[in-house]
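In the two complexes that follow, subunit A is the common piece, with subunit B as its partner first and subunit C second.
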Partner chain A sequence: MKKLALFCLWPVAMLLFLSTAQGWLWPTLLPREFSLRAWNFVVEQSGGPLVTSLSLAVTVAILSTLISLPAARVLALHSFTGKRLLLWLLFLPLLTQPLASAMGLHGLFLRYGLTDQWMGVLLVHLIPSVPYAALTLMASFSKLDLDLEAQARTLGASKWQVWRHVTGPSIAPGIALALTLSFLMSWSQYLLTLLIGGERILTLPIVLVGFEKSGDGAVAAAMSLLMILPPTLLFVISNWFLRENQSLE
Partner chain B sequence: MIRLSDICTGYPGKPVLRDIFIQFPAGQLTSLLGHSGCGKTTLLKVIAGLLTPTSGSLLINGEPADHLPADKREAAMVFQKPLLFPHMSVQENVAFGLRVRRLNPDETKQRVFEMLELLQIGELASRRPSQLSGGQEQRVSLARALVTKPKVLLLDEPFSALDESLREEMRTLLRKVQRELRITTVFVTHDQEEAAQLSDQIVLLLNGTVAQQGTPQEVFSRPRTSQVAAFLGWKVFEGRPVGAVFETAAGTFVMPIGGRPTHMAFRPEKLQLKSDGQPGTIEEIVHWGRGRRLRVMLHAGVPLLVELPGFTEDFKVGDPICVEIPVEEICWFAENWC
Partner chain C sequence: MDGFTRYKRLALLFPLLFVLVGLFLGGIVLAVQESFAAPRELLQDPELRAALGFTFWIALASTVISTLTGVALALGLQNSRSAMSLLQIPIAMPHLTMAIVLLHLASPSGLISRIAFALGFIQGPGQFPDLVQDPYGLGIILTYWIKETPFLAVTSLALLMRSGRHYEEVAQNLGAGYWDRLRFVTLPLLAPAILPAALIVFAFVFASFDVPFLLGRSYPTVLSVLAQRYFQSSELTGRPSAMLVSIFMTFISAGLAAIYLQVSGLLRDPKSVVLP
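Moving on, here comes the complex of A and B:
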């Protein structure tokens, strides 16, 4: 366990070291000096990209979960003609390279003026995140006993109350997982953002790659650490939520 | 009172229920008895509003209920599985129906505890469903349905998954609670003994239609058709009248005067062992709780099941035996067997 923790923390520690190292050039064994220059720069400059990235990821997480809920329910619990085809269509973006579909969409987005727009980037982020959210929710729905809903109805619960008190809580772990996964899909997206957002919509990955290319390793390291923070927090929260939910069963 | 008129369900060419007309008397417990798959649960779902019939009408306490959604019918259902909400405690499960009706918390709490006491599960209030036994789960499920004071209580074989002694205990409890609260109750079962023990009325469903309705005594002692008789465990023989007697594979019997029967039936426990009866051979002896069942092959080539109370006489497989069918115990039917 300790070895595993060390294995996971080592890169983080390296990044922390790199982000404060100044003038670390060959053949010196240690950096000339340590400074918070990169961190000052990141704090001053990354506010905009951080807000863009967060707003995109949160919206993508909510939207893909909302879109996937009815689809996953129908696909998991009902059988109908054309179901297999629908499943294939839904998961096609996972099987094909997302870049391929995004290139195709680029023309369409140009025509509707969605390129270089926050809205355009949001839409293109939904392409890979919806299938993941749907897949996660399908697993949750397939374990749902529909008789529980019928039972609640005969006890006097309206359709909304059934959802609020019975169905929702039953699939809550699935919803938490779908939100987390789609958040991460959007948060770490580089290629699709670059393609549709040009360099107008600046998210953290776009800015990070820019600094990495320009050779300012300290800023890139500081920014990488900033990028790790929200997903780690989210992971801890959803993990806690899942464990809490499991202990109820 | 619940009144179903001309209820039909299913698909064209594959009906589940056909022209159902039943009145369930107010405050009484009526059993819906029938084979599995004969449409009993479907009928219950029609009353509960979980299934829309293709035609027909439904009145609950004199008011049309056809267009009411399930949550507005006040017809609480208890399923075969307890279906407790896993994320709620026993107390929260029982309070569910009151919570969705937005009853004030104090009254909710009081009614929940009264109901838990009535069903003798007061000490389980704070437990989770996963910590309950099968019998306890079904009691909670029953309490959850009763606490809403429904107009109708619908029970879909609620005790079939429990072991025999527990089932007996639950039946007694249900009967006591139902009499105390006087809720119009429909109880679905395939178990004749259960229906006989619990019901004020029995509705017998065969192949999606009502085959007979009446008190347990009427239904069990006077089956209306040979099909009903066969379902209730009577031995049915087809035959034809020849002069004053009725000829069957099991022999000839004196007919009632003026009748033209097509079938006759009798209960296996009414058969008697008499030296001047029909000769046969014992093929199998099955012991059951209160006696024995002999499978006898008559020399005429007809198998009969003879039920004997007690164990006084000594029998062996292969022994010759004579069986008499007492004429006064025979039920006669004039109909086309289908």
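Moving on, here comes the complex of A and C:
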């Protein structure tokens, strides 16, 4: 288990080291000194990118989940013509970068003033995020006990009450996972942001790559750690949430 | 079952269709339209041909080695539950951040090169072998290897924990040795989960951009980086060429998605989905 912890945590340790190393000239193994220069810089300068990244990812997560909720129910519980095609279409942007779509949409967005805009970037981020949310929710809905819903209705529950007390709680883990995964898709997105946002919409990944390419590895490492934080927290929380739910069953 | 009519179903699907058909497919159609202006000579372009081979090489090599180590790791960890949570950390790391780590680890001025100097293997950074920005994409493959191994391990581990050790115990009672159990019991049990997971890794690596963008050299490069370079170039044929390359990539991915649907069993049982 210690070996596994080492295997899983060394990249994080390496980033911590890089972000504080000052004057780390070849061939020394240790830097001349450790400093918080990069961290001070990140705290002072990365407010803007952090807000842009977070606002995009949170909006993408909520929108993707809302868009997918009704559709996932239909996909999980109904069979209809074209379902196979729809599932295939759902998998396509998930298995691959929707590069062709983003490039094609760029021309259209240019005409409507959506390039270099938060809104335009939001729209392309939806393309890979929605499938994640939809498939996660589909898995949840396929486990849903429809008899329970029917019983609640027989007992006189309104539509909202059925959702609030039966459907909602039983797919809650799926909703949490859908929110998490679609958040992460947007949060770690680089190429789509670059294509549609140019270098005007400055998310964390865009700024981070800029610093790495201009040779300031310490700042890039500090920003990398900032990027790792939300995904790790979200995974820990959703793991905990799933376990709680399992123990209830 | 809900008594939804056809129209109600369509209404419920509509928001999803807006994204999938409106944005995703619509974008592809627009890209196809623009791609018609691409020059004919593009298909003979040595840079593009090199990129095609290079992309397949990276995707295949990364998939094969991460599958092997991922499964081996899962087999070694079988009895531990906390392994699942620990493995979430490298899985949750965006690829971009892992590329940054590898850049400072394996570049000529990176940590490994310094250790090699301290041990007396090399006398200067120039003697350190090219691991990043190298012609074979070793740095890129190394990054994917480190990044995808935990993903495959978790996928295999989840299945191992679900299926329990009954079959193996039966085989053991019947006198099967470790390798026989592995070959005839454990691996066949794992195959249905590993195949789709490996396919996901292949498709992902095939189309991904961040890692080769940071760790690759400009020639040969992967298709996505080439497409982006065409897209940003100021030449008149740049945009259409970019569209053509990305549409070609979409075709490959479409084929992979079709195979994935077949092998994953998603059509039969949505619960069995393995997400990247």
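In the analysis below, the second predicted complex is superposed on the first by the 246 of 249 C-alpha atoms of A that agree within 3 Å, B and C clash if a C-alpha of one lies under 4 Å from a C-alpha of the other, contacts with A are read in each partner's own complex, and residues count from 1 in each chain.
Basically, a residue touches a chain if its C-beta (ideal position, glycine included) is under 8 Å from a C-beta of that chain, and two chains touch if they have at least 3 such contacts.
As the structure is a computational prediction, the values presented were derived from the model and not from experiment.
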| item | value |
| --- | --- |
| Three-chain arrangement built on subunit A, subunit B and subunit C clash or fit | fit |
| Partner chain in contact with A:L36 - subunit B first, subunit C second, else both or neither | neither |
| Which of subunit B and subunit C A:G107 touches, first, second, both or neither | second |
| Subunit B versus subunit C as contact partner of A:L15, first or second or both or neither | second |
| Partner chain(s) touched by A:A152 [first = subunit B, second = subunit C, both, neither] | first |
| Contacts of A:L54 with subunit B and subunit C, given as first, second, both or neither | neither |
| Touched partner set for A:T96, first subunit B, second subunit C, both or neither | second |
| First (subunit B), second (subunit C), both or neither touched by A:L135 | second |
| Residues of subunit A touched, compared between subunit B and subunit C (which is higher) | C |
| Superposed arrangement (fit on chain A Cα atoms) - minimum subunit B/subunit C Cα distance in Å | 8 |
| Residue ranges of subunit A in contact with subunit B within the complex | 145, 147-148, 150-158, 161, 165-166, 169-170, 245, 248-249 |
| Residue numbers on subunit C that touch subunit A, as the complex places them | 1-2, 4, 6, 9, 11-13, 15-21, 23-34, 77, 80, 82-98, 100-101, 103-105, 109, 111, 113-115, 117-118, 125, 146, 150, 200, 203-204, 206-210, 213-214, 224, 227-228, 231, 239, 242-243, 246-247, 249-250, 253-254, 256-258, 260-261, 266-267, 269-271, 273, 275-276 |
| Complex contacts: residues of subunit B adjacent to subunit A | 48-50, 69-77, 79, 81, 83, 85-87, 96-97, 99-101, 128, 130, 144-145, 148, 154 |
| List of subunit A residues in touch with subunit C within their complex | 1, 4-5, 8-9, 11-12, 14-15, 18, 26-29, 66-68, 70-71, 73-78, 80, 84, 86-105, 107-108, 123-124, 126-127, 130-132, 134-136, 138-139, 141-143, 146, 181, 184, 187-188, 190-191, 194-195, 205, 208-209, 212, 217, 220-221, 224-225, 227-228, 231-232, 234-236, 239 |
